[in-house]
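Here it is, the structure, as C-alpha cells.
Naming follows writing order (A, B and C), and every chain is counted from residue 1.
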Amino acid sequence: MISRHRRSRLAATLAATTASLLVLAGCASGSGSSDAGPDANAEIIVGSQNEPTNLDQIFGGSSGVTEVFTGNVYEGLFRITDDAEVEPLLAKETEVSDDGLTYTFTLEDATFHSGDPLTAEAVKYSLERFIGDDSIAARKSQLSVIDTVTAVDDTTVEVQLSAKSISFTYNLGYVWIVNPEAGDLTAAADGTGPYALGDYRKGDSITLDVNEDYWGDAPANGGVVYQYYADPTALNNALITGAVDLVTSQSNPDSLSEFESGDYEIIEGTSTTKELLAFNDRVAPFDDVNVRKAVYSAIDREQLLDAIWDGRGQLIGSMVPPSEPWYLDLADNNPYDPELAADLLAEAGYADGFEFTIDTPESGVHSTVAEFLQTELAKIGVTVDINIITDDQWYEKVYTDHDFEATLQGHVNDRDINFYGDSDFYWGYDDADVQTWLADAEQADSVEQQTELITRVNQKISDDAASVWLYLNPQLRIARDGITGVPENGLNSLFYVYGIQEA
Amino acid sequence: MLLLAFALAVVILFVVLRLLGNPVFALISVGATEQEIAAAAARLGVDRPIPVQFLDYVVQLARLDLGTSFTNNLPVGDEILRRLNVTLPLTLLAFLLSVVIAVPVGFIAAWRSRTWYGTAFSAVSQLGGAIPVFWVGILLVTALALNARLFPAGGFPRSDWEDPGAAIFALTLPVLTIAIVSGSDLARYVRSATLDVLGQQYLRAARATGQSFAGAFVRHGIRNGIVPVISILAIQLSTTFVGAVIVERVFALPGLGDMLLVGIQEQDFPSVQGVLLFSTTLVLLLGFVADVIQRLIDPRLRASVSGNRMARAAA
Amino acid sequence: MSVTVLTEAERNPRSRDTRSRRPRRRTSVNLLVGGVLFGIIAVVAILSLVALPFEPSDTTGGRLQPPSPEHWAGTDRLGRDLFTQLMIGARLAMLTGVGAVAIAAVLGVLVGLVAAMAGRWIDDALSSLLDIAIAFPTLLLAMLVVAWRGASLESAILAIGLAGSAVIARLTRVTATRVLAQDFVTASRTSGTGTLRLIRLHVLPNVWPTLIVPLALQFGGAVVAEASLSYVGLGSPPPNASWGRMLQEAQSTVLVAPTAAILPGLLLVATIIGINLLADGLRDVADPTGRTLR
C-alpha cells in the first residue's frame, strides 16, 4: 500500500515537471526496474471519456461501467475474451442436459472482496437480480429465458431455461456475480475479481486496488486508476503531459499525429460500434425497399469514413462486424453509385426526390455525419433536414415513441443483429423470415447451425437495406511507451486491465 | 426579502427542471423495454404527480437535506461539499489574484491616464476583458502546459488537499485564466471609480486646505470611490464562482461546475437542483453582504428608504 | 464571462468618470477605433449574405488544409472552406448581438415599467424575481433553455436576451421611479394624462438614454456568452457555425491546424473590443454632460 501511494505522488509530480525532468525521471525508474523486468507494483493510470453514470450494471451504469468493472472487479460465470471467445471463469464445470434446458454449474473456490465466500446462493441472487423487475440491464431480455435458479449445494447451481438458448453462456459472460450482503451497488462494489473498488470520485476518477486474496492469478500491475475527462482535448493533453499512461478510446483521429512518435504506441483493434442511419421502416417513404437502397447508394461512405476517422475504421454493409461468426463481406452490397440511386428513386416513384428529417443526437460525431448526408443526398434531389436532439430526447422520441423518419445512432453492442428480429424495435424492420431465422438460431443445437441461420439474416437485412450501416468505428487506444498488455479490441466496451504492465 | 428570493428560487428550479424531461431516459440503454422504463421511473419516484414530488422536496429541504442523486444514490449535500474542495479555492484564489492585478492597473490607468503607460494599461484591460475565458484557457494550456511543460494541463490530485503543493500546482493555470479575464474587467471599474474620485470637488477642496494629494486621496477619495467598487467586487466574486463552470471543463477539474454539467446531461435533478440552489443562495448572500458593507461606509445610503435594492441598482 | 459585461452595464449608466479630466480627443478616438472595428465585422456580415467564396456545404477542399491562395483560412475536417465559415460567423455574431439586445430591451423595459408603475406588492415581488434572475448565471439559464428548445442559435439568443433583460428591467425601474416622482409628472398625472401617454411623453424619453450604453455593452456580452455556450456544445452546429463553435471544433486539432483555433478567437475579440469602444464613445456623445437624470 505504502509503495503505491508513493508512486501515485511521484506520478503527480512527474506530470508537473518539465520535459527534460520527465526524461531523467523516466531513465531513473527504467534503470531501477530493468533488472527485475516489468514492475508488478506500478499503478496504471487509464484515461477515459466514458465515465459510468453509476457503478451498477443493472441500473443504468451504461457501457462505462463495463469498461471498469466487468472482469476486473466483478466476474461472471464465464468470461468473454478479447477475441470474443467464451471461456469458463467462476463456473469451474458446466453440465448441460440433453434437451439444452438445464445448466448445472460447479463454482470455483473464490471469495468476495469483503471476505465472504462465493456461494451458490450468491450466484442465484446475482442472476435473479439481473433479470428482476428493478433491472434495466442491457442484456436483460436475452437472459429472460432463465426460468428458475436453484442452489443445489454451496458450490452447485442449477439453472432451468424456459427455452433453448445457444448464446446462454455467452450472455452470462456479462452478468456480474455480486455479494448479496453488499446491498446497494450504485456507489459501492463487492465482487470476486482481481481488483477491489478503492476510491469513487464521481466526475473525476475510480481507483481499483489489487485484491491480495484473489483466487486466480495476480494481476501484472499494482492497481489501476480510471481518470475521466469530459472533454476529448483534455484527455489528449493528459496523455501528452504524462498525467495518464494510456487512453481507452481515442475518438479524434486528427490528434493521432501527435502520438506517432516513438514515445507512444497506437493500438488499433476492432470495435463493435456501428454508425447507423436508421430509417423508420414503418413510415413512407422508407417502407419502400427501393427508397432505402437509393439512399444507401447515394452516400459516398468512403469519403465519410475518411472525414470522420481519417481512413481508419472499416466500411460495413450490414449490422455484423468481422469479429462475429456470421460476418459476410457486404460492404459493396449497396454500392456507392449515384446513378443507381437516382434510378431506384425513380422506380419507387420519387423521381423528383423527397424531403425528410434526421433526428440527430448532439453527442459525438452524429451532427458531422448528418451534414455530410445532407450534402450527399442533395445530389439525388433528396432534401435532408437536421434536427439536433439530446441523447435523452433520442430515447424518448425515437427509441420509445418511434416518432421519427430517420435517425443517426452508434450501436455499440456486439451480436445485436437480433434487433432486426423485433418488429417493435425503434426502426420497426418487419420481416417474417428474419424473425423465424433468428428465433430458430437461438434454439439451434449447434453453433454451426446458429451461424448458418444468422448468416442468412445478415444477407437478407443487407439486401433489404433495413438501415444504412455507414461504417464500423475503429478501436483506437494509445499507450505511453513502456506500457504493455493493453487489450486490443473494444468488444462492447470490455477492458480487462489485469494484464497491463509497466516496464 | 432574501427569504422570499430563496423560496422563489426553490419553486422555479423545481418546476423548470421537471418540465425538461424524464430522467429515466438518461439511464436506459438500447434494448430496454417499456416495463423496464416504467420500473425505473418508479424507482426514481418521478412517476408521481409533480405537486407530490414538490411537497416531498420541500419537506426534505426543511430538514436541510438536498436529497440523493438519481444516478448513484449518494447524498447531494456531501457531493457538493466534496466539489467545493476544488471550486472554492479556485474561486477565491482567482478572485484575490484579479483584485491584486486590477487595483494597481486600474488606478494607474486613471491616475496617469494621459501618459503612454496609463493608456497602455487601459488598452490591456480592454483587451483582457474581451477575450472569452475558455479561449484564454486553451491558449494558456497550449503555451504553458503542452509546449513549455511548466504546469499540468488539467486535473486535480486524487488525494485532494493531502498534498497542498500539488493541489495549488494543479490550480495555477485555471486561477490565472480566470484572473486574467475578471482582473481586466475589474480594472476597468477601478479605473472608472478612480477617475470619478479624481475629478471631484472635495478632493480639490482638501488639497486646497493644504493636504498632500496622497493624504487627500486616502482620506476622502478611497472612502467615496470604494462604495461602487464594493458591489462590483461582490458581483465579480459571484461571476468568478459561476464562471468556474467553463474553466473547470477546460481544465478537467472535478468541481461544482462539472457536477452541474454532468448533472444536466444525466438529468440528475437532485444534483442540478442542489448545485443551482447552492450557487444562487451564495450569490444572493454576497449581494446582501455587499449592501451591508456599503451602508456602513457611506452614511447617505443608510437613509435611503429601500436601501438594499436601491443602493445596488444605483451603485 | 458574459455576466460580467452584462452587469457592468448597470454599474455604469452614468459614468461621470471621464468628462472632467479626459480630453475630448480621446473620446473620438474611442468612437473611431470602435466604429472601424465593428464596421468591418458588420460589412463582412452583410457581404456574407450577398456572396461567399465557397458554398458553406462544399466538401471538396480536402481535409484540414492549411491556408492557401484558394482557401484563405484553410479547410475543416470535412473539407469545407474556413474563410466562408468565418464570414458566416460574422453574420451570426451580429445576429446574436442584435437578437439578444432586442429581447433584453423589449422585455426589460416592459418589466421595468410594470414594476415602477404597479403597487408596492407587485413591485417587491418583481424586484426579488429580478434579483434572482440577475444572480442566476446566463450560462445556466441557457442550458435550461437549450434543454427545453434544443441546441440552436435561436435558443442561445433567447437565453442570453432573457438574462440581459433582468438588468435592463432593473435599470428601467430605477429611472422610471425617479421620473414618476418628479413634480411635473405628478402634475401631469393629476391633470388626467393617461398612463400610456405618460409613459410615452415623460418616462421613455428619459429611460432610453440611460439604456443605450448598457445595451451596447450587452451586445458584446451576448457574443461572448454565445461563444461560451458553443464551447460547452450548446451552440449551433456547422456549416452555419458561430465563431465559438468553430473554436470548440478546432480546439482538438490545435497542434495540427492552428489557424482554425486562432482566427475565430481573434475575430471575437475584435468584435467585442469594437463594440465596447463604440459604447464608450456613444456614452460621451449621447450624454456629454454625464448628468442625465442625476
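Methods note: a contact is a pair of C-beta atoms (placed from the backbone, for glycine too) under 8 Å apart; a residue touches a chain by one contact, two chains touch by 3 or more.
Note that the structure is predicted; figures quoted are calculated from it, not measured.
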For this session: Find the most central chain, measuring centrality by the gap between its CA centroid and the centroid of all protein CA atoms shown.
Result: B
For this session: Work out the mean Cα position per chain and let me know which chain is farthest from subunit A.
Result: C
Exercise. Approximately how many whole Å separate the CA-defined centres of subunit A and subunit C?
Worked result: 44
Problem set entry | Separation of mean Cα positions, subunit C and subunit B [Å, integer] | 21
Exercise. In whole angstrom, how far does the Cα centroid of subunit A sit from the Cα centroid of subunit B?
Worked result: 39
Seminar exercise, completed: For subunit A, residue numbers touching 2 or more other chains are 390, 393
For this session: Please set out, as single numbers or ranges, the residues of subunit B touching at least two other chains.
Result: 21, 146, 249, 261
For this session: Please set out, as single numbers or ranges, the residues of subunit C touching at least two other chains.
Result: 147, 251, 254-255
Exercise. So in the complex, which bits of subunit C are touching subunit B?
Worked result: 1, 3-5, 7-8, 10-12, 15-23, 124-125, 127-129, 131-132, 135-137, 139-140, 143-144, 147-148, 170-171, 173-174, 220, 224, 227-228, 231-232, 244, 247, 251, 254-255, 261, 265, 268-269, 272-273, 276-277
Exercise. Which of the residues in subunit A come into contact with subunit B in the complex?
Worked result: 8-9, 12-13, 15-19, 22, 51, 53-55, 59-60, 62-63, 133-136, 138-141, 184, 186-187, 199, 201-205, 207, 225, 227, 229-231, 234-235, 237-238, 240-241, 243, 390-393, 395-396, 399-400, 409, 411, 413, 416, 419
Problem set entry | Residue numbers on subunit B that touch subunit C, as the complex places them | 1, 4-5, 8-9, 12, 16, 19-21, 113-114, 126-127, 129-135, 138, 142, 146, 181-182, 185, 188-189, 192-193, 195-196, 198-199, 228, 231-232, 235-236, 238-239, 242-243, 245-246, 249, 260-261, 264, 276, 279-280, 283-284, 287, 309-310, 313-315
Problem set entry | List of subunit C residues in touch with subunit A within their complex | 57, 59, 63-64, 77-79, 147, 150-152, 233, 237-239, 251-257
For this session: Provide the residue numbers of subunit A that touch subunit C in the complex, in ascending order.
Result: 232-233, 236, 252, 254-255, 257-258, 303, 306-308, 310, 362, 367-368, 371-372, 374-375, 378, 386-390, 393
